[in-house]
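Chain naming follows the written order as A, B, C and D, and within any one chain the residues start at number 1.
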Amino acid sequence: MTGLGGPLFPIPTGSLLALGALLFCIGLFGALTRKNLIIVLVSIELMLNAANINLVTFSRLGVNPSLSGQVFSLFTITVAAAEIAVGLALLLAIFRLRRSSEVQDLNVHKW
Amino acid sequence: MVEYAWLAPVLPLVGYVFLLALGRRAAEGLVAGVSVILTFLSFLVSLAVFTALGAHPDVTGTYTMRWLTLGAHSIDVGFQVTHLNALMLVVVSAVSTLVFLFSKGYMHKDERFPVFYQYLNLFVFSMMALVVSPNLLQLYIFWEMVGLCSYLLIGFWYFKPEAALAAKKSFIVTRLGDVGLFIGIILLFLSSGSFDYSTVFQAATTGHLGLSWITPADLTTLTGILVFVGAAGKSAQFPLHVWLPDAMEGPTPVSALIHAATMVAAGVYLVARMYPLFVASGTALTVVAWVGGITALLGALIALTQRDIKRVIAYSTISQLGYMMMGLGVGAYAYGMFHLFTHAFFKALLFLAAGSVIHAVDTQDLFEMGGLGKKMRITQWTFLFGALSLSGVFPWAGFWSKDSIINATLQSGHMTLFWIAEIAAFCTAFYIFRVYFLTFHGKPRDESKMAHAHEGSWVMTVPLIILAVMAFIAGLFNTGLNNFGLQRYLMADSPTGLIGKVYPDNVPLMIISVTVALVGIGLAALMYWKPVISAEKLARNLSGLYRLSFNKFYLDEIYYGVVVWTGKLIAGIVDFFDRYILDLIVRMLGRLGYMGGVGLKYTQTGQVQTYSVIAFFGIMILLAIAMFHVGGVF
Amino acid sequence: MNFVWNGPMIAFYVLALSVLGAGILMLSVRKVVYMALSIGGVFIGAAGIYILLGAEFVAVAQILIYVGAITILMMFAIMLTNHKAEEEPFRWTVRNATAAVGSVLLALVLLAVIRSTTWPVQSANLNLNGGNSNPVAIGLVMFKQYAFPFELVSLVLIVGLVGAVILAQERKEEE
Amino acid sequence: MGLAFWFTVIPLIAALLILILPKLDKAVYRTIALSGGILTLVLVLAGWFAFDGRTNVVQLAGRIPWFTLPGLWHGHNLVVGLSFGVDGLSLPLATMTAVVGLLALLAVPKDRDRGKENYFWLSLALTGLMAVFTSQDLFTFLVALELVLFAVFFLVYLFGETGHQQAAVKFLIYRGFSTVAFMVALVGLAWAAAGGYAAGNANVSNAVFTLNIPTLTATLHQAVSQWLSPAAASALFLVLLLGVFIEEAFVPFHTWLPTTHEHADTSTNMLIGGVVTKTGAYVLLRFGVGMLPGEVRHWGVMLAVFGVINILYGAFAAWSSKDWRRLIAYSGISHMGLVLLGVAALNSAGLQGAMFMLISSGLLTALLFFLTGAMKDRTTTLTIRSLGGLSKSMPMLSGFLMVAALGSLGLPLTSGFISEIQAFIGGFATYPAISFVGALGVVLSAVYMLYAMERTTFGPTAEGFLQLADARPFEYLPAVVLTGLVLLVGVYPDVIGHLFGLSAQALLRIGG
């Protein structure tokens, strides 16, 4: 059916991508609605993870399978780590200043 | 000699530049001396040109250089000498020389004596340049320049509010007329393709003045009337005469030179210069005649009751200019100019004599004067000569010229105008002798002012005497004695007889005219010399007429009420519109932008998540559009 | 595509369901601490998926960094701030509704796109690692092909570290 | 590099020098700015000798290419660069800019605070204005317009009097709109010359894709008849006209001008009244008449009517002005109405009159602002009613003011008259009835000018004004120079007339 010899990879690509998509949407919904800054950050991590799943999936199941996808997911993880570190540091600084870690209190841009 | 005619205007210009270089602190003697000498030289040049033309009538010529290129047309400046121009040159330079001399005494110790002479020199230059202009544009240029000089000289005593107002009024009213002239010469240029007199006349007389929107005949009439509007402004013809009496706020020599002898005569000169155009359109000529006649009568009527010595003479000037216009209007080209010629002398004389009086007594109110004859013998006699000339008593100059005009009016069949002229002549004799008797005879009505009155120095009396002589003999230049030399001289400009008619002397009419004048003089004598008739009682009995005359027929008030008030009203409306409507709209637009900003600022909640939701939803919408528009997904 | 009920397939569905379940749990609990804990489940599940896909090194790195470092870091942050913080119950405000509708729509769109696309298929025997073990292969790629980006990422990490320290430290001059 | 290039570059160099120099004594900045101005003037005067007055082609040209946009339009490259040059219309205007600019620099008070900024912005404005009048490239032209816009904005904003900030913002917004309109219209013109909608067809093979103004002028002449639809041409022209109306402060888009003049200082006013308000009319002549003559003819009646409205509106508004500066501003609007009438006439007299009026109004407005500024330094007010009798204490200044006022009201032997009569000759030739109404402006200008003169210099001198000093020596220079030029143009108009004549002929030839 595909011209490839032997059995096919057992997990369908669509299912993996669907998992990534749903995870992304959950993360997005969380980032848009949660009040606590930490949870917003967490939700963003969720979205990054969704992206990672896709990267790894395509690394194995893409048109041209290669390790680049995995390497990229590693980079993403690294950047996510840096991001969460800076993000949490900011959070602490803000909390010290405002005694709150709620998003709606960060409204210095309000008119 | 004719090719040197440019010297006549240039000499005063040299004087002007020289005085300008000398500055405001120059010595009076130097300033006046240079001015008088240069003007006198100018007079000699003018006289030489005049006689040269008389000897060889065919040497008239035009000398020009290019001034401006306008499309295919070249506009020139230069000078042109015709018989008419030569006569004007002589009149202007002669009167100027005498007035310059007189001013030395009159303006003595004035703070701005050199400035006065600067302006006068500039005026004489402009006036002469106007006279010798070879084309309408140059005429207009100097037409405005003499207006400017008039403005400057009326406002010479700028610290007097009345002088400032009078100067402004004179400029604006004459400018009103100038707009007519301005449009007139533009239309003439457009229809004939040139500003040159000869080209314009050629086109006008052959019916070739062509513009697409008007017939040649109508255009000739229209331009004629427009040019006459300009002339009426300058020559103080009804209804644009209102500036001239106010112009008497200027120093008296200015009144004599500019507002009696020369500049105000420029309007008459203009009509004479443009005579072929007027002749080509009978309507325009009729308008000239009627406006002249009405002005002659109106001026004379107002002059009857004025209290200010200079204003009486000013209204007299208006009236006499009306005579000239009427003369031109009825076709008597030569007589109109003849009257201009004689009038220049006797009116300058009257003004200078009045100036001599004012200089001596420091008032202009007739009813403060009286009995000055004993103290100012020369002034009295010269004034009398002027008055007799003005009244038209045989054989003074005014008699010959005025009678020629009245004769021409009668013989050309303008009966109404003839009667107007006779009534005006009667009034003329009355009002000028009213002035004479009130000033020089009887008892002083204000002793304090009359006590120190004395004759001026020779610089003031010599011009008076010369002018008095001229006022006596000037009329003889156009009598049977020299075979009507002046009119033959003037008519030589147009050998074809295109420019008007001449009429033989009419002895019965002369007798009537002199009688009318003498009756007027007699009435004045009865009222003001040997008071047999009470002037006050007469004024009370005719109080309506008296007030009408005394208040100048309320023309100033009408002007103020109609023209000025309308203008101010429009200006006020424009100002209001500008400030409160247009600017309001502009500000409302600005406010609208501001309000928009204020309204939209509430979307800046500072809630990052809200922004994100909006951005996200926007992306979704774009995605939806992409999907449904481009398709291929479902 | 026919579903074949084999081992990896079952493992995948178990993992996928647990990942999604942990994600939804994170959104539904109200205590912040629980949220942070439930995210750990997501991370671990994701690591399982990576193993299924033959990316063992990534899976290990995921567990080390996400589960080991990030989740713990978050716990610390929660403790350092308002550790009793509770999320308010979800309310259908305009914003939340918009976000919910948008998210669901996005999910639907993505799923539809995934469903309507024909994805390439690969053999089960495909070996990405070129004969080496996965970590060795990744190492080779990383230090040969991606040496420069790798260095840059290390720079990012350093900057992030220093930045985090500076941001988090208490400054005396400010009140 | 051609001389015209340096007209623009010299003031720019002066401006940059002032900018980069560290904090120094004000006199240093003044010296630099003045040297720049003088050098520019000298170069412009040298340009008169180098210029061949027998033809109207662009001369003294200088050009530096900047960058190329390859294959931008149907495979044609667009070469963008700075290009300068002068023709018979540009040269006198550049000269006026140099003169007025230098005198405006001179009019800056020596003890001005923030002198560095003032000289910098003035020099920059001079650069922009020079570039506007000498640019031979649409790109250069638009850059120059923007330069003028913000340089003058800062001049008003930083150095005006009470209320100057609002005035400056008003100026910026209005002129900003006009610049936008110009940009749209000029890009549209380039588009039209490149073939417009028909680009690529065989029958528009003579279309050119360029920003070069002379080439555009030559090409658009055919474009309008051959491939540009009447509607598109009208749209382009109307956008351009909108820009001109705002830029030139034509009624009803004029309200920025009196406000700006009322609040700006003397030197800025000289520059604005003298040169900045002439750029719009220049655009109308260069791009309107030059590139879309058919449209000028088509909308001629509207233009003439607006011209007369401007003449009368400006005059009446000036009559009711209570402040000298507003009066001068409105008189400028009135003058510019005459320009519109002359352009609408679309004959050699009208165009020549319009060009003369640009020069005349520029010189006279600058002179009037300088003189009233000098009076304000002494009397501290320019409210017409509170002045009076200044002839007594300052006869020289009053004398100059008189000349300026008389020139402004169009007295013969001043530049005002020669402009007025040519514009009216043109107007009467084409639109006699409209011009007839417009001629009323001749009287009205006398009314308001003499009213203000009478109130200011005539009449009794108020106590406080008796001891005021007359013109100081350095004040004579601007007054004498400007008066001299006004009289020179008035007495011998052919000095610029032959150049303008050639330009007008060239524009008309293109107009067909």
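Just so we're on the same page, a contact is a pair of C-beta atoms (placed from the backbone, for glycine too) under 8 Å apart; a residue touches a chain by one contact, two chains touch by 3 or more.
Computed from a prediction, not measured in an experiment: that's the story for all the values here.
**Q** Would you identify the chain whose C-alpha centroid lies closest to the centroid of all protein C-alpha atoms displayed?
**A** Answer by centroid distance: D.
**Q** Go ahead and note the Å separation of the Cα centroids belonging to subunit A and subunit D.
**A** 62
**Q** With centres defined as the mean C-alpha position, give me the subunit A-subunit B separation in Å.
**A** Each chain reduced to its C-alpha mean, subunit A and subunit B end up 97 Å apart.
**Q** Just the number, please: Cα centre separation of subunit B and subunit C in whole Å.
**A** Spacing between the chain centres: roughly 102 Å.
**Q** Please report how many Å separate the Cα centroid of subunit C from that of subunit D, as a whole number.
**A** Centres of subunit C and subunit D (C-alpha means) sit 67 Å apart.
**Q** Which parts of subunit B, given as residue numbers and ranges, touch two or more other chains?
**A** Correct list: 609, 613, 616.
**Q** Residues of subunit C that touch two or more other chains: which are they?
**A** Answer for subunit C, listing residues that touch two or more other chains: 95, 99, 102, 106.
**Q** Check each residue of subunit D and list the ones that touch at least two other chains.
**A** Residues: none.
**Q** Between which chains does touch occur?
**A** A-B, A-C, B-C, B-D
**Q** Please name which positions on subunit C make contact with subunit A in the complex.
**A** Those residues of subunit C that touch subunit A are 1, 3-4, 6-9, 12, 16, 19-20, 23-24, 26-27, 32, 35-36, 39, 42-43, 46, 49-50, 52-55, 57-58, 61-62, 65-66, 69-70, 73-74, 76-78, 80-82, 85, 87-88, 90, 95-96, 99-100, 102-104, 106-107, 110-111, 114-115, 117, 119-126, 128-129, 137-138, 141-142, 145-146, 149, 153, 156-157, 159-161, 163-168, 170.
**Q** State the interface residues of subunit D toward subunit B in the complex, per the touch definition above.
**A** Result: residues 173, 252, 255, 313, 316-317, 319-321, 347-349, 352, 389, 391-392, 395, 406, 411-413, 417-418, 421-422, 424-425, 428-429, 432, 436, 439-440, 442-444, 446-447, 450-451, 453-454, 457-461, 492-494, 497-498, 501, 504-505 of subunit D touch subunit B.
**Q** Could you list, by residue number, the parts of subunit B that touch subunit A in their complex?
**A** That would be residues 601-602, 604-609, 612-613, 616 of subunit B.
**Q** For a test of understanding, state which residues of subunit A touch subunit C in their complex under the given definition.
**A** On the subunit A side, the touching residues are 2, 4-19, 21-30, 32-36, 38-39, 41-43, 45-46, 49, 52-53, 56-57, 59-63, 65-68, 70-71, 73-75, 77-86, 88-93, 95-96, 100-101.
**Q** List the residues on subunit A that touch subunit B in their complex, please.
**A** Residue list for subunit A touching subunit B: 28, 31-33, 40, 103-104, 106-111.
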